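The next part holds the structures, each set out as structure tokens.
In what comes next, subunit A is part of two complexes: it sits with subunit B in the first one and with subunit C in the second one.
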Partner chain A sequence: MKQIAGDTLFIDLSKRISWREPNDDLVRQYLGARGINARYLWELYEPGADAFGPDNPLIFGTGLLTGTVAPSSGRTTITCLSPATGWYLKTNAGGHFGGEMKYAGYGNIVVQGQAEEPTYVWIDDARVKFRDARHLWGKDVRETDRALKEELGDEDIQTVAIGPAGENRVMFASVMFTVYNAAGRGGAGAVMGSKNLKAVAVRGTGAVKPVQPARFHELALAARRSVEADSGFEGLGTYGTSGSLAAVNEVRALASYNFRRSHVDDVYRITGQYLSDSGLLKRRVACFSCPIGCHRHCAVGDGPFAGSSTGGPEFETLVALGSGCGTLDARAVIMANEIANVMGMDTISLGSVIQWAMESYEKGLITKEDLDGREMHWGDGEMIVELARKIAFREGFGDVLADGVKRAAERVGGDSYKWAVHGKGLEQSRVDTRSAKAYALAFAVNPRGADHLHTETFADFGMSPEGRALIEKITGDPKYTAAYCSEKRAEIVRWHEDCYAVTDALGYCAFTSTALYGVTPAMMADIYSAAIGIETTEDEIMHLGRRIVTLEKCFNVRQGATRADDHLPWRLMNEINPDRPEPDAINSQAELDVMLDDYYDLHGWDRATSWPTRATLEAVGLVDVGGELERRGKLPG
Partner chain B sequence: MVTTMMTVRLRFGGGLGGTSRVEVTDFVLPEGTTVQAALETLARDKGDEVFHPAVLVAVNGRRIPAEECAARTLSPGDALTVIRGLAGG
Partner chain C sequence: MIDRIVVSYPELCTGCRQCELTCSYVHEGVYSPGLSRIRLVRFEGEGLSVPVTCVYCRRPYCEEVCPTGAMTHDPQTGTAVVLEARCIGCKECVGACPIGAADVPAAKDTAIRCDLCGGDPACVKACPTGALKFESISQATREKRRGRVKEFALVMDATLGREER
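Moving on to the complex of A and B:
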């Protein structure tokens, strides 16, 4: 198993030492990547430790299948305590770092401690070196990647790096993989910056071998063909994630003008179709071992944003920095996206704080004086770009916005909390949950905050026959493929939670299993069996997924989470979606409470507290976790 | 017998009919036309791809499942969306 799982590499930046340990047992219990990361965080993080202190481990985990020919299996998860929320954080990226990390012999890398000076870690197969990074501090991500390749004399190294935003502890600083692939949500880049860790460079020359290679390759090929046969395959490759923007707009779920609108006219100008038609799209890009190739590279040749060139923009970026800020100028979005990428910032949170500022300015809570004498209005592309830079360097009002929308609202005061669209302190993904009730429940219970990349319930929109078939399988009736419906949402969310956890842990991209549906849980169970040589059924692998989900929940329970933390942003719970003025176009507390009761019941979690019961923890194989929660008074009575 | 006509707003495209845009046009139909009948009329002009299972059909922003299209009646001024649904986000 070692040759597919890899070892865990421990790095202590304070002591400048490293060592490796096998993780075969963890693979059997937690599959890989996100699952193993969750276990390490549970064991290594001591409650109360500062997110920016030496005792918040920063854990990288690449999928069990990463490095193989399994389709779209090159994802890597980062896990730590989020400085933005104070809760559990897992954030995940594609690119090519994960494959290289596995070829170097590692499934997981646990970074502990804090370096005294800016440092980068150079992993050259089994050799691990701590290198001075003072000359890299202040450089952007693109410059850092280039400098490392020149310094190490190898164009084939893969890097993860932070930009100035991570160095400046911007609360939504991302860790950038292969330059343009972001582990963006929740501020892992700021944690990396607090450790004085500028980058990790890796080169691997080893092999990744499943225990049953012939069977494995047959299953990988079948999985690839199944992904390619999905009705969404061609569209996702052709138009990227932003190809779905027009459809989301049509069903009144496009979060625009800071969630004051859910539909905009002429949305075409920020769609993937437009990027392609207009020539802004320069090339399509695929992550490791991916047949889909949904990633983009765009460049602007004319106008005020000429010269901009970047990976992206994705759906979320075009909404967060486009219609969310009141602009349909794709060129402005591309330039803001480039700044976010090279400075190392999450585009969802970046767009969210800018649109919150626009609304605060409109309502008189922010003035020209706050903005160095500049006026601010919706759709001002140049202001969006300028603020993005200021936030990365914490200049002027950018310093307030760099702390995220929750803290910014606390500082500015007044009613500004009402349009600070976050859950648990994380800026909400750009889906209007008033028009998507499974998303609403998933966002409310997500341990990292209001976000779609823990439990994507895209099937709920009913935009593909595969998605509709899945909803029928989960609920027993295709009529529940209805985004506005609040019935059976708990069942839909829980299935997606389990499936998403397995997907992340194996290193698959979520687009193979919860946007396209080519890779099913049964297929994941089969290929996991062939990978490690232990037969595992669909039910068993979904059970392992639930163990991961439950452990992540327990981390938050240990941090003090209760039912009251499973909520949605004020605006969405108190204001009707104006583009769909119907009684169900709101996330009311009453509606959420019903969904939460169903959800906790399904999980075997206590309704009053939301805490997992002892029986549930025993059933999912987390007896020791239950013991610790009991000692802390966190088991329901 | 005189057939009374009505006008609905057709929102069509997003990858269907060779157009990336969502084109908005008036669509004149007999009063009482169902979504299914409207799609059949549209198919005569645009082709059978309007019945592809990955097409999003919605009225006033609310998706209409295929099995409900025959029973759902359109009203004057309704917005009928027929676009290609795509995955990803």
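Moving on to the complex of A and C:
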């Protein structure tokens, strides 16, 4: 099993030592990546430890299948305590680092402690070296990747790095994989910065071998055929994630003007179709082992944003930095995207704080003086770009915005919390949950805050035949596929939770299993069985998925989470969606409460506190976790 | 003899590495780009990847410099053969190959070179975008010529004020 799972590499930056341990048992109990990371964080993090202190471990985990030919299976999860939210954080990236890490012999890397001086870690197969990074501090991600390849003398190494935003502890600083693939959400880049860890470079020359190679290979090819047969496959490859902007706009879920609108006219100008037609799209780019290839590389040749060239922009970026800020100028978005990428910032949160600032300016809570004498108005592309830079370096008002929208609203005061669109302190991803109720529930209960990358429930939109069939399968009745339906959402969310956890743990992309639906849980169970040589059924693998989801919940319970923390942003709960004013197109506490009750019941969690019961923890195989929660008085009575 | 080779069209390559992973599995039974007979040259900052594999030189230096005769070809089909038992891992072939297609990987110790899977290359079948084709060079040249002329014709059309495409 070692030849597919790899070992865990422990790195202590304070003591400048490293060691490795086998993780076969963890693979059996937690599958890989996100699952194993969750277990390590539970064990290594002591409640109360500062997110920016030496005792917040930064854990990398690549998928069990990463390194193999299984389609779109090269993703890597980072796990730590989020400085932005104070809650659990898992953030996940594509790119090619995970494969290289596996070929070097590692499934997981646990980084602990804090280096005295800026440091990077050079992992050359079994050799691990701590190297001076003082000359790299201040460099952007692109420059850092280039410098590392030059000084290590190998253009084929893979890197993860932070930019100035991570160094400056911007609360939404990302960790950038392979230059342009972001583990963006929740501020993992700031945690890396607090450890004085500028980058990790890895060279792996080894091989990955499943326990049952021939069976594994056949199953991988079957999985690929199934992904390619999905109705969403061709569009996703051809136009990227941004290919679906027009459809989301059509169902009135395109979060525009800081969620004051959910629809824009002339959306074409920020769609993937436009990027292609206009020639801004230079190339399609794929992550490791991915036949879809949804990532993009774009460049601007003329106009005020000429010369910018970047990986992306993705759906979320075009909405966050485009329609959300009131601009449909794809060229401005590309430049802001490049700044976010090389400075190492999450584009969702960046767009969110900028549009919050635009609304606060409009309402007089922020003035020209705050903005170094500049006026600000909706759709001001130059201002978007300028603020992005200021935030990365915490200059001027950028320093306020760099703390995220929740803290910024606390600083500015007044009613500005009402348009600070976040859940648990995480800026909401750009989906209007008033138009999609499973998304609303999933965002509310997401342990890391309001977004779609813990439990993508794409079927909720009813846009694809696969999604509609799945909802019928989960709920037993096609009537639950209707838009704005709030019934049976708990069942839909729980299925996607389990499935997404397995997906992340195996290293698969959500575009194989919870947005596109080509790779089913049964197929994941089969390939997991062939990978490790232990027969596992669909029910068993989904059970392991639930164990991961429950453990992540328990981390937050131990941190003090209760039912009150499972909420949605004020604006979405209290304001109607002007582009869809029907009475069912809202989020409300009453509606959320019904969905939450269903959801907690389904999980076997206590309705009053949201805490998992002892019986539930026993059922999912987390007896010891229950014991610790009991000692801390966190088991429901 | 060799009438078709693996021709790459980098403008279509997304860098997904399905070719490398398939090749290493077919030849070595494991997944490892380092053991693949086709390699991607990647430029991460530009999002660019270019596949490189044996182009079947008319006069293969890799075979000429091999001191043991391990680097050779099938006299019937012309496809590459490495007699592993004879290969001493001296890496002369690596130095001689003009494009870096012959290799002695760290994980193997004997030389590797694309054998076209005996006439039905697995990498070509694995490529999801058509960036790899198994075709004759004259065919590849024809296509390239036509592609270039088409671009030129479009520019001419635009210059003359005609409608594009």
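The rule is short, and it goes like this: the second predicted complex is superposed on the first by the 636 of 637 C-alpha atoms of A that agree within 3 Å, B and C clash if a C-alpha of one lies under 4 Å from a C-alpha of the other, contacts with A are read in each partner's own complex, and residues count from 1 in each chain.
Basically, contacts are C-beta pairs under 8 Å (C-beta built on N, C-alpha and C of every residue); 3 or more make two chains touch, one makes a residue touch a chain.
None of these values were measured; they are calculated from a predicted model.
Student: Using the overlay on subunit A, decide if subunit B and subunit C clash or can fit next to each other.
Tutor: Verdict on subunit A: subunit B and subunit C fit.
Student: Quick check for you: in the superposed arrangement, does A:Arg146 touch first (subunit B), second (subunit C), both or neither?
Tutor: second
Student: Going by the contact rule set out at the top, does A:Phe458 touch subunit B (first), subunit C (second), both, or neither?
Tutor: first
Student: For A:Lys390, using the defined touch cut-off, is the partner it touches subunit B, subunit C, both, or neither? Pick first, second, both or neither.
Tutor: Touch partners of A:Lys390: none, neither subunit B nor subunit C.
Student: According to the contact criterion defined above, which of subunit B and subunit C contacts more residues of subunit A?
Tutor: After superposing on chain A, more of subunit A is contacted by B.
Student: Determine, under the contact definition given at the top, whether A:Lys437 touches first (subunit B), second (subunit C), both, or neither.
Tutor: So A:Lys437 meets neither subunit B nor subunit C here.
Student: Quick check for you: in the superposed arrangement, does A:Lys424 touch first (subunit B), second (subunit C), both or neither?
Tutor: Touch status of A:Lys424: no partner.
Student: Contacts for A:Phe288 in the overlay, against subunit B (first) and subunit C (second): which applies, first, second, both or neither?
Tutor: A:Phe288 contacts subunit C only, not subunit B.
Student: State whether A:Arg39 touches subunit B only (first), subunit C only (second), both chains, or neither.
Tutor: The answer is neither, since A:Arg39 touches no partner chain.
Student: Just the number, please: smallest Cα separation between subunit B and subunit C in the overlaid arrangement, in Å.
Tutor: 14
Student: Is there a shared patch on subunit A that both subunit B and subunit C touch, and which residues make it up?
Tutor: none
Student: Hey, which residues of subunit B end up touching subunit A in the complex?
Tutor: 11, 13-15, 20-22, 53-54, 56, 58, 61-63, 65, 67, 81, 83-89
Student: Mind listing the subunit A positions that touch subunit C in their complex?
Tutor: Residues 3, 67-69, 96, 99, 103, 142, 145-146, 155-156, 178-180, 205-209, 213, 217, 228, 237, 282-293, 295-297, 309, 311 of subunit A touch subunit C in their complex.
Student: Which positions of subunit A touch subunit B when the two form their complex?
Tutor: Within the complex, subunit A touches subunit B at residues 230-232, 235-236, 239-244, 246-252, 263, 267-268, 271-274, 276-277, 294, 315-316, 431, 435, 452, 456, 458, 461-465, 467-468, 478-479, 481-484, 511, 515-516, 579-580.
Student: Give every residue of subunit C touching subunit A within the complex, in rising order.
Tutor: 11, 14-18, 21-22, 24-25, 28-35, 41-42, 44-48, 105-107, 126, 128-129
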